[in-house]
Amino acid sequence: MRERIISSIGFALLALCFVVALARIGLKQWWLPAVEGKEQVTIRVAHWQLEGGVRDAFNAMAEKYMESHPHVRIQQLPVPERIFPNWLITQLVGGTAPDIIQIGLGMTEERKARYFLPMSDLVDLPNPYNAGTDLDDVPLRDTFFDGMESSFSQELLEYYGLPLSGFTVRMYYNLNLLREITGGESLPTTYEELTRLCRQTMDYAKRTRQKISPIAGSKYNAPLLMDRLSSSQTGDLAKRLAYDFLPNRPSTALLASAFRRGDWSLETPEVEAAMGLMRDLGQYMQPGFMQLMRDDASFYFVQGRAVMIASGSWDSTSIRQQADFPVAVGPIPVPAPQSDPRWPYSQGPLADSTVEAGVVMAITRASKHPEIALDFLYFMGSKPVNQLWTDVSGWLPSVVGVKPAEQSKGFAPFLDGFIGGFNLSFSGADGMRVYRNSINRLVSPQGSVDDFRTDLAKSYSSAIAEDLRRSSLGAVQIAQRNDTLLAALSMLAASGEDRASEKLDLLLQSSAGNDYGARRTPAVWKSFEN
Amino acid sequence: MASTFQFNEARDAFVIATGDEAMRKFGEAATLLNVQPRTGGNIQRARRLFEEVARDTPPGSKLSRLSRFYIARVKEFYLAPQDIEGATADYLSLLQEKTADPLIEQGASRLVVIAAFSGGTPADRLQKLAALEKLDSLLETPAGRREFHTSMAYALLDNGGDKSRAVDHFLAADREGFTRKATAVSAWLVAATTAAEIGRNIDARYFFEKMLATYPQDPRNFTVRSLLGRLGPDNG
Amino acid sequence: MPQPVSKRKALHEWKLYLFLVPALVLVCTFSYFPAISAIYHSFFRWSGGEAKEFIALENFTRALEDPVFWGGFLTIGILVVANLFKMIPAICLAVLIHRLRSDRWQYWYRVLVVLPMIVPGLVTLFIWKFFFNPNLGLLNSFLDASGMMPVLAFADRTLGWGGIFQEGIPTAWLGEPALIIPALIIWGFPWIGAVGVLIFLAGLQSIGTEVYEAADLDGVTAFQKFLHIELPLIMTQVRLMVVLMMIGTLQGYGLQFLLLGESGGPGGAGMVPGLWMFNRAFFAGEFGYACALGLFLFVVILGLTFINNKYIRVDK
Amino acid sequence: MSSLSQPVGARRLSDWPKHLGILLLLGLELLPFYMMMQISVKTNSEFLHNPWFPSWPAGWHWQNYAEGLRLMLPFVANSVVVSVSATVGCLFFALLGAYFFARYKMPFSNILWPVFLVLMMLPGVANIVTLFALLKNLQLLNTLWALIILGIAGGQVFCIYVLRNFIEDIPKDLFEAAEMDGATHFAQLVNVVIPMSGPILGTLAILQFLGSWNDFLMPLIVLRDPELFTIGVGLIYLDGEYVKDWGKMMAAFFVASVPLIIIFLFTMKLFVRGLASGALKG
């Protein structure tokens, strides 16, 4: 009997929970909307930027918009990066897609074409929300620092969405530790100063018996740093090896064919210097860093166990929010020319390689109120609101003339530098794989450049061949896909269809280049097979 | 998968264009080329359809010529093994008809690419390329000439040919005007560095400055400026 | 048994049919319809929307040649074999509990056995994911602290595992293709499923005291008792659990999806057929192809069920 | 129960080695639970310095729980609604169906029975793809209804199977007596079947509830709006954060477990006794 009573209490409690939960849902779903009035329109905005500050920035923009548009409710849907592709396809196919979605992860040209609204007709008109600013009559395209390259689909030849941000990669410093170790706050500007700081840190850690590493590394963060450093040595070599080094930072096919011809190898002095530089740097990261993930390294840094971490501007607010110490950022220091005989090929400071904007937000065809979604998109892409975005998120702006927030000054793109050379993982996924498999032999204390080279040489050539094979297939596929599109555009242009001739001309240029690659890459690949 | 969209859009485009039977066949054939996964049967069907259209339409008509162009394309790119000789012959005969169609004139750059990566020694290939120089006189559209000269320039560079000739081809292509950023930047910068290398400073300067003026925000411009600064006096 | 009824009575009781309507409608709509729809759509190129294109057997011929899909069956095979061994702790625990003299203790141990069930499955999974973390994870700390790491590193060096285990370097359990399957096996250690233990205990209940007494008189050791008395008696339950486990392992992919992501982790080492089907549908948008893959999986499981029913009879 | 729990192996000196073995196994099994509890009141740096042992109670970070509650409570509420509705609905319809089969041998019931029985054999693995399309056509995507209805439908076969066997074992005279009193079939179901089948219903309820509570694949592809998330989806989203505060994560994990812990505390016997018999019949 006692048992019965006890279980009854259990079920009663459960029933109570159920009623409360049901009431809560009912309140939110039906009652509140009914009270607030039916004319409320909800615009949903989905993105995967879960880094610190970004959700706040979206909220700030939404609130500001809702102030002036009381009948509109902006709802933000942040979706984790890992499940975003899955989420995207279920929403698109299921017809439940939000009004505005960030473009990139899980996106294909087909999905763009089928599920998103192109903005090509609008890029030459001004953004209404820029009225009254110095961008008043400027065409939409020219209000973004990248000329909306990031929104342009090379395959569909249409513009989709507006970018909100730009990105660069920097070195973050723990200022408390820096002060304690060096007695000052000056950041290293060259590689030599960087390594001096690293050595000082290790002495300090030993002296004070603390577990502190100079640099927090991971599978994700270390390559950001190492690629930069090794490309500081291979600039001149790249120039010699590949005639397209300047526009295309040597194309894979040219580098691979030069490798096949023996014009360069893992013994080439420049490559050896790059390896030496990576090994030199590797000793300053925590042991086994290549086994760690992105969040492990940031965790390490914000817990004060490393003086530095290399990461993108996208991590800046996360890091600042998590760290209970002041953080400074500076460019990744590379060796100055003639500074060290071990790496004699240094040219000097390198320019930031990426200038495309990011966080491109586009309107879906599933939107029930595309005109309001467009209005909000214009709003987000306008100069004053992009300033708000920058100030709250701590990320870089995408609109011309918007000042980076105080804390993100250090991330402003640096263009007055040289173009770096190539990395050993230049060929693609397989090159990257064998390179990463061997890298512990380069950077671990018991490793060496020779050890690494011997290990890498075992599979390097076949990995390049595999990458070439894959990109050959890709190039042929794109070329063939273009054929159908060219036929259609050619017919449309003949019938005088709007914009068809312009599109045809664009596609002719890209398909000619692609056709070229679709023969060149297989030719290089075949040279590896023989 | 990705082609499904184009399959649909292209089919729509053809339907919109006309209700004409030959056009419908042409559209079906063009889309069949990209139905995934690609099967030999589909390609054969596409080829048959193209052949029917080429036969059933007046010989000089756009549709007939485009069909022949696509038959050449099928031979070159879709058959296994490829029929390069057949494709070469088809492209050549189309070009000799002076079609003034920008798409059909792509045949010229196709011929260049085929020659540039054919078998034999680099010297053999350069010889084949030299034989193609005369195609220029057959091209009547800016796009046709532009793509032909661009391909020719790259083909010379890839085979260790005459760099000065390559720069000339870039200049010829540039005269027709690039409208796509990636293509333009690539051509200008390769042309400029090649010209600088062989001492054609005026041309190098021209390409560098065009780059700086057209895309002032580009991250490559620091290097461009420093290379520009290092150029010697203009000496032709 | 249900009472037989005359036609007249049945006609009179026609309302009784209404009792079955909801269940019938639900089952037809949400079990039969999707299954038939899956068969139908497996002959189409279909990306989930209205548009579809009939392609006859192309999805099936493609599936037959799909190395990822069939490779997944190999992974599943390894996991099934591992899962067989992973049943041992549950059996041991059930026997240990059963041999206790005290009723009270038996009861409270059962309560403790059931306790993990009340933690949502996902929570346990994410905690294990945290255990696998190379930097903070308990698995690596344990290996270091217990001195297992040098042993593994030695084994790595002598057996040429390719530097997966190295002293002083954290092991990336979910980041190293060669370690994915071991991680999937270690997951959930010591693998005591509450339902399994309770079922084994139910089976053990039929052992009378006299059996033990007789055994004790013969001076039988504890292990022999297990082998000759307990194991034969719970064989029915063990068979049942094996069947359930096999079917569950073949169908399951949630674990792989959450621990490793939709492509089965680095190198796709943890890819299983179900995950590949899910991946093709909800990542690649190839719904028609996913249907075809699902049908293959269906046939394999169905075949297995028949074999089970034929050879591994579960007697009541 | 009593016959089998006679002092087994009474001549043994002591049970201690067995206790030790059991405790060792159970201790390992409960390790994740222990870690969750002790980390849930730590900050990241506390955890870093002392990963294994509980910290001093005075320094416990209850803020983690404030955050955990804020994060998980709405999800828990949704899960409660879905799981309770699905369980109640499932058992209700299953009782009706089982009654139909168990009470009389109605015409066609020998045809209708295999319709259900066959599904016990057929794996539903291929269905998820087309179920998604079906839900889309029924306009049920991004609703809790989808999850409730799927929960109800998904449990029908198993529950009807178990309940039919059970109802058939109820003495016929009970039904006949009720029928004499003029009770309808529904009244017979309520007054005869339900009171008799308390434990089996409870066991089935727990199984259905657990199944629905632990589901995450369907909610993940069905739900879009955060205000509709069930704990499964909520936990996956939480796991996707770049910066992880482990204490808060663990607190959130614990919050997600609370409803089941409460149910468990009150229905422990049902869990322990019922599960074995219930699962065995399946």
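Per-chain numbering from 1; labels A, B, C and D assigned in written order.
Here is the rule we go by: a residue touches a chain if its C-beta (ideal position, glycine included) is under 8 Å from a C-beta of that chain, and two chains touch if they have at least 3 such contacts.
Keep in mind it's a predicted model, so treat the numbers as computed, not measured.
By count of C-beta pairs in contact, C-D exceeds the other of the chain pairs A-C and C-D.
The most distant chain from chain C, with centres taken as the mean of CA atoms, is B. Annotation: 64 Å between the Cα-based centres of chain B and chain D.
Computed from the mean C-alpha positions, the centre of chain A lies at a distance of 38 Å from the centre of chain C. With each centre defined as the average position of its C-alpha atoms, the distance from chain B to chain C rounds to 56 Å.
If you average the CA atoms of chain C and of chain D, the two centres end up 17 Å from each other.
Residue positions 47-48, 136, 282, 284-285, 287 of chain C are each in touch with at least two other chains. Shared contact sites, meaning residues of chain A that touch two or more other chains, fall at 82, 86, 90, 93-94, 299. Of all residues in chain B, those that touch two or more other chains are 1, 4.
Contacts from chain A toward chain C in the complex involve residues 82, 85-86, 89-90, 93-94, 106, 111, 219, 287-288, 291-293, 296, 299-300, 437, 440, 444. Residues of chain D touching chain C in their complex: 1, 3-12, 15, 18-19, 21-22, 25-26, 28-30, 32-33, 35-36, 47-48, 51-52, 93-94, 96-97, 99-107, 109, 112, 115-116, 119, 121-134, 136, 149-150, 152-154, 156-157, 160, 168, 172, 185, 210, 213-214, 216-217, 221, 231-232, 235-236, 239, 246, 249-250, 253, 256-257, 260-261, 263-264, 268, 271-272, 275-277, 279-280. For chain A in complex with chain B, the residues that touch the partner chain are 108-110, 113-114, 145-147, 149, 154, 239, 243-248, 351-355, 413, 415-419, 476, 479-481, 483-492, 494-495, 502, 504-506, 508-513, 515-516, 518-520, 522-523.
Only residues 1-7, 9-10, 13-14, 17-18, 23, 26-27, 30-31, 33-34, 38, 62, 66, 70, 73, 77-78, 101-103, 106, 109-110, 113-114, 116-117, 143, 146-147, 150-151, 154, 157-158, 178-183, 185-186, 188-190, 192-194, 217-224, 226-227 of chain B touch chain A when the two sit together in their complex. Chain D meets chain A in the complex at residues 44-45, 48, 74, 76-78, 80-81, 84-85, 132, 135-136, 141-142, 144, 202, 220-221, 224-227, 236-237, 239-244, 259, 262-263, 265-267, 269-270.
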